[in-house]
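Order of writing sets the chain letters: A, B, C, D, E and F. Residues in each chain are counted from 1.
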Amino acid sequence: MATLHTVHRSPYRETTLASCLRMARPGSAILLLEDGVYAAVAAGAHAPRLREAMARLRVFALEADLAARGIAPDELIDGIATVDYEGFVDLACEHAKVQAWL
Amino acid sequence: MATLHTVHRSPYRETTLASCLRMARPGSAILLLEDGVYAAVAAGAHAPRLREAMARLRVFALEADLAARGIAPDELIDGIATVDYEGFVDLACEHAKVQAWL
Amino acid sequence: MSARSVAFLNRRGPHGTIHAREALEVVLVGAAFDQRVRLVFMDDGVYQLVRGQDTTPLGVKDFARAFRALAMYEPERVVVARRCLEARGLAADDLLVEVELLDDDALAELLDGSDVVLSF
Amino acid sequence: MSARSVAFLNRRGPHGTIHAREALEVVLVGAAFDQRVRLVFMDDGVYQLVRGQDTTPLGVKDFARAFRALAMYEPERVVVARRCLEARGLAADDLLVEVELLDDDALAELLDGSDVVLSF
Amino acid sequence: MTRMKFGILVNAGPYQHQACDSALNFTRAVLARGHRVLRVFFYHDGVNVATRLAVPPQDDRDLGAAWQALAREHGLDLVVCVAAAQRRGILDADERTRHGRDADNLAEGFRIAGLGQLVEATADADRFVVFG
Amino acid sequence: MTRMKFGILVNAGPYQHQACDSALNFTRAVLARGHRVLRVFFYHDGVNVATRLAVPPQDDRDLGAAWQALAREHGLDLVVCVAAAQRRGILDADERTRHGRDADNLAEGFRIAGLGQLVEATADADRFVVFG
């Protein structure tokens, strides 16, 4: 089973997402949470790199963090699925382990 | 009198130095301290951008932070002057104000 | 001596840390003092002003509403870095309050011209 | 069941925050447990292993020496991301301890193959 | 879904960073999905949630109280690292006497223990999740 | 060099971030250069330095004690923001009674006050320096 990577930082402020994308192997999944959800916005400068990675990785974004930041579902990059905290738990169970990028 | 900008974050981890360089006007000074001193290393990937900015800005690095991180004076970009905490105080007095980039 | 100009430099998003919120509290208190307040939003700081923030699912108090109260305190200027807004796929009409969109040079001039800059 | 493999993922510099130091304390305690420990240094984490750190002018305790004691605990592997080292103008002989330099793919494989990853 | 044992690590201070809120919401969800929480370990500034002296504003959440309530309801083991807590001034009655202090502030429902408890949780848990 | 009045703001928690060490070293240097320190204001997690319950390891610096000693020697005004302190559990005897808590932990040499003290310092200081 592959790894679930969690990315907790804004791609505009820190290189955390870039490091995660370098280490995430094909077939693994990425959950964007906290300020990490800013990477999920289709019109954002970091969208192209994430879209490219989505060819080999599944990407999710945490609903509570999207709502808190005023990001509507239709603003997200196509193909990014949103989950609530229980969805986050299920993702953790479906993968071999969870690896945090702080 | 110009502004003294202080940069407190590593350029490898955060975009803080980049933001400072965008806002620092010609004739102002930059003091690299804490993890910010990593930008002062000549052989580092961020050296070119700082060298370019040094055409219009004076750049300093705090000695205690260089020593703590094992960075020897001869590893620094040419033209970067090192100061101790009292030198930092003098720089603050010589400039109109201090602006922190955290 | 005319009142001092104080720039509040906000560069962090609204909820990842408490900086945005506790910085706003300084602004609200500062308004009672004789200061020419400039609110500057740059880098992820622009996110603080985005409309439609709903922190209920997160269980955290929503403080964005407090920005609306800001007008009452008549800050001298409320400025946002155009470049940072656009890089994040945002525009002025995504924001909670009327702001001045400044290019980098104009923003640098405003900060340089302020007597004091408080960074959060 | 063979002992669990635990990767300690260090991505922060040594002195700007306490993470490096308090992470090392977990490694030292962890050594007493039956675990296959992998110490991974990536991004600014590579700076933790740089030789010649002198924290006296800063007035902070120097914990880099503790890395030398690490050998005694025989971690299964001590690996450093080659790409991160080179980006910072560093090489293996700048480091306090013998390490394995890994390229991104090998590092990704090591992390992926670990039972647990502890991020600091 | 098979029932799994979760270990959770919280590395950042409450309020200053969102990590403590995220960990609390996640832990609730783990329990709601019928899994078991072996231990929630607070390290680095994460220990700061375990003070009973915090007085958050009425109209905002009280993270210490929220963890206490969840622990009471589900019998959670909330462990605060002794070394990190000492350095930051989070003491229970024993630590207070041992260090000759005139007060202690550990909130009920949290216990102070060594890093071995963290390592043990990483060994026993099926899934180990870090917030920080 | 004309004698200047400095204001200093510390926004990060002790030990977790280097800001508190930097601010302490900088404040010493300001005094050594013969300038005046109007006020050191602790905000956000910066307030956490002001607890008298901290027990740092013997072989490492004690930031709370260092600030106390400097304040005693030079008559420094060390101010802790009341709102930030309450939220994080840094209380003096008054706050303790007002909020019905059974202990307080403010270290001697620090005083709890409102944000007005920060704003005042930004108005009166010739140079205002932020660490965080």
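Simple rule for what comes next: a contact is a pair of C-beta atoms (placed from the backbone, for glycine too) under 8 Å apart; a residue touches a chain by one contact, two chains touch by 3 or more.
No experiment lies behind these values; they were computed from the predicted model shown.
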{"item": "Chains in simultaneous contact with subunit D and subunit F", "value": "B, E"}
{"item": "Shared interface numbering between subunit F and subunit E [over half = same, under half = different]", "value": "same"}
{"item": "Where subunit C and subunit E are represented by their mean Cα positions, the distance between them in whole Å", "value": "34"}
{"item": "CA centroid of subunit B to CA centroid of subunit C, Å", "value": "26"}
{"item": "Subunit E and subunit F, separation of their C-alpha mean positions in angstrom", "value": "27"}
{"item": "Of all residues in subunit E, the ones touching two or more other chains", "value": "11, 15-16, 18, 25, 44, 57, 83, 128, 130, 132"}
{"item": "Interface hub residues of subunit D, defined as touching at least two other chains", "value": "11, 15-16, 18, 43, 58, 60, 116, 119-120"}
{"item": "Shared interface positions of subunit B, touching two or more other chains", "value": "8, 12-13, 15, 34-35, 64, 84, 97-98, 100, 102"}
{"item": "Touch-based graph of the chains, sorted into line, ring, star, complete or other", "value": "other"}
{"item": "Pairs of chains, among all present, that meet the touch criterion", "value": "A-B, A-C, A-D, A-E, B-C, B-D, B-F, C-E, C-F, D-E, D-F, E-F"}
{"item": "Interfacial residue positions of subunit C with respect to subunit E in the complex", "value": "15-18, 58-61"}
{"item": "Of all residues in subunit E, those that touch subunit F in their complex", "value": "13-16, 44-45, 48, 51-57, 64, 83, 86-91, 95-96, 99, 101-105"}
{"item": "Complex interface listing, subunit A residues touching subunit C", "value": "8-10, 12-13, 34-35, 38, 41-45, 47, 63-65, 67-70, 72, 75, 84"}
{"item": "Subunit B to subunit C touching residues, read off their complex", "value": "2-3, 15, 19, 22-25, 28, 97-102"}
{"item": "Residues of subunit A that touch subunit E when the two form their complex", "value": "6, 8, 33-35, 64, 84-86, 88-90, 92-93, 97-98, 100, 102"}
